[in-house]
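Per-chain residue numbering starts at 1, and chain names A, B and C are given in the order in which the chains are listed.
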Amino acid sequence: MPSLIMALELIGTIAFAISGAVIAVRKGMDVFGVTILGLTTAVGGGVIRDLVLGNTPPVTFREPVYALTAIGVSLIVFLKPVRHFLTGNHRHATMLLQFSDSLGLALFTVSGVQVAYLLGHAESLFLLTFVGVITGVGGGVLRDMMAGKTPYIFVKHVYASAALAGALLCSALWSRVGQTAAMLTGFAVILIIRLLSAHYHWSLPHAEGDPPADKPL
Amino acid sequence: MPSLIMALELIGTIAFAISGAVIAVRKGMDVFGVTILGLTTAVGGGVIRDLVLGNTPPVTFREPVYALTAIGVSLIVFLKPVRHFLTGNHRHATMLLQFSDSLGLALFTVSGVQVAYLLGHAESLFLLTFVGVITGVGGGVLRDMMAGKTPYIFVKHVYASAALAGALLCSALWSRVGQTAAMLTGFAVILIIRLLSAHYHWSLPHAEGDPPADKPL
Amino acid sequence: MPSLIMALELIGTIAFAISGAVIAVRKGMDVFGVTILGLTTAVGGGVIRDLVLGNTPPVTFREPVYALTAIGVSLIVFLKPVRHFLTGNHRHATMLLQFSDSLGLALFTVSGVQVAYLLGHAESLFLLTFVGVITGVGGGVLRDMMAGKTPYIFVKHVYASAALAGALLCSALWSRVGQTAAMLTGFAVILIIRLLSAHYHWSLPHAEGDPPADKPL
């Protein structure tokens, strides 16, 4: 069981490191900028989660595997052939960015619920859900603010709502169907909502005029 | 007494949620962006306060009433007639923004002093004041950074100084006149300084040339 | 010994307060904006360090000397003759900015390692180094994000890598040569790498085309 959890967190780390590194490469950053943005995106959500839960020092600081994985992934994204693929064909870069970001969002949201649960907050559906959502969206918000972009969470119409749906479902199911099934359900719901939303350009009511489509970054 | 405290915090939450949602509406964000900016502004200061004081998980995560109130208020600001009022007549939107921001600043500053006091830091006037100021300005700084704006704290000339005056007064009076009178005095001083400053375009010495007036956002 | 530590931290505070205040002056901010940016830059790294290590309230909130020093330094930078010198002759302003930022980076990086060590994390080279790096770069990242600039960490090519080299060296030497020698070595390595890098325009591999030089802000 712990190996399943760790595998999920590592996949989330890889996915978010890719999303941060891809944005950095498309912004023309050097190898260190790419690594820093990949690393910040990958560990940001988990650090916010642990600070909010008083779980200090955050896991990322205690277990080197996450940061080292994020750094390794960022360096791979920076390799010349990968960079050329990403900057030369923008459709593929956008798809990779979208998929890695969605995967990271889904995995970190359920990891947030899980850590809150394990730290003794099982009784509060609200806390579990809220921690899940900020863990899921935190890395991406930090990434976008550091890269000087409008946070994804405002640009993508069905983003935080996908995390909210998955976190709520995961938290509510936890005591009924067990940890594994609850986490897998929450994860699947978030990923499916995000991918469908991106594919069909779903949109929520907008403040002025017609809502723009769920546009790529 | 606890009901007075909670009432003050709820009014502060409502005020800051309005200020965040109004900025989001004027930026043309969709319903989820408006809700997120309203929520972040409303709970940001309190989360920073609790993290700094080691009071984890922050109150916002334990008591759903604050986040749910902020979400409800943001949705009301997004309602078509309210939106039209806010975007159609910029003078009224600016006045509402200014008043809700000033009210939130005043209420959260004294709430910061109060929580620091209750957590056992009564002996340090410096800590009480400092925590009060960052609690007061924190939500607005997060709001402006996420919305890609120059933080209000730099644009409004008498802003952090108003919070500083109120926090210092509140901290210094606490043991002499009691909690209620100290908080009300600090609150009133901040609100009055902010409103007078906005009305009379007060300004502090500026770095180059003539100081610009206390301009609206 | 404690007086040496405190002296180093105070010098770091002064250096980072200068770097924040200089950027604020060059952006045309008023006296309060200059003070806030100076203060945030000076105390930001230490607050992040203490939050990550669960050392709450952060030292800055308990010991007024750091914040008051940062405020005093910012006010001096705002004095008319200093301002004129800084805005009239951009080469000198850039040199002062570069030197104060490098000095702050070097001092706060080793202070991060030190506090992590004293709080009982001596056994983890990874944690010591990681905490050192975020303490060193944290103040500058906050400064640049609040000032609406691309964080220095992305613009300066050999920046986080200098902090990383110094933090690693300081952490690794600690148990072998003692605290003072380890901290002085780490400090000297960071400062020398940064100053040489700025002087010779060192650069790391860049994502597109030729790498630009280590350009001033």
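One rule holds for everything that comes next: a contact is a pair of C-beta atoms (placed from the backbone, for glycine too) under 8 Å apart; a residue touches a chain by one contact, two chains touch by 3 or more.
The model shown is predicted, which means the values in this text are computed figures rather than measured ones.
Between the two copies, chain A and chain C, the Cα superposition rotates by 120°, quoted to the nearest 5. Two copies of one chain, chain A and chain B, form a contact in which under half of the residue numbers belong to both partners. The distance from the centre of chain A to the centre of chain B, each centre being the mean of the chain's C-alpha atoms, comes to 29 Å. Within chain A, residues 51, 54, 145 each touch two or more of the remaining chains. Across the interface of their complex, chain C is touched by residues 51-54, 121, 124, 126-127, 130-131, 141, 145, 150-151, 153-154, 157-161, 203-208, 211 of chain B. Across the complex, chain B is touched by residues 24-25, 27-34, 36-37, 47, 51, 54, 56-58, 60-62, 64, 67, 78, 83, 87, 145-146, 148 of chain C.
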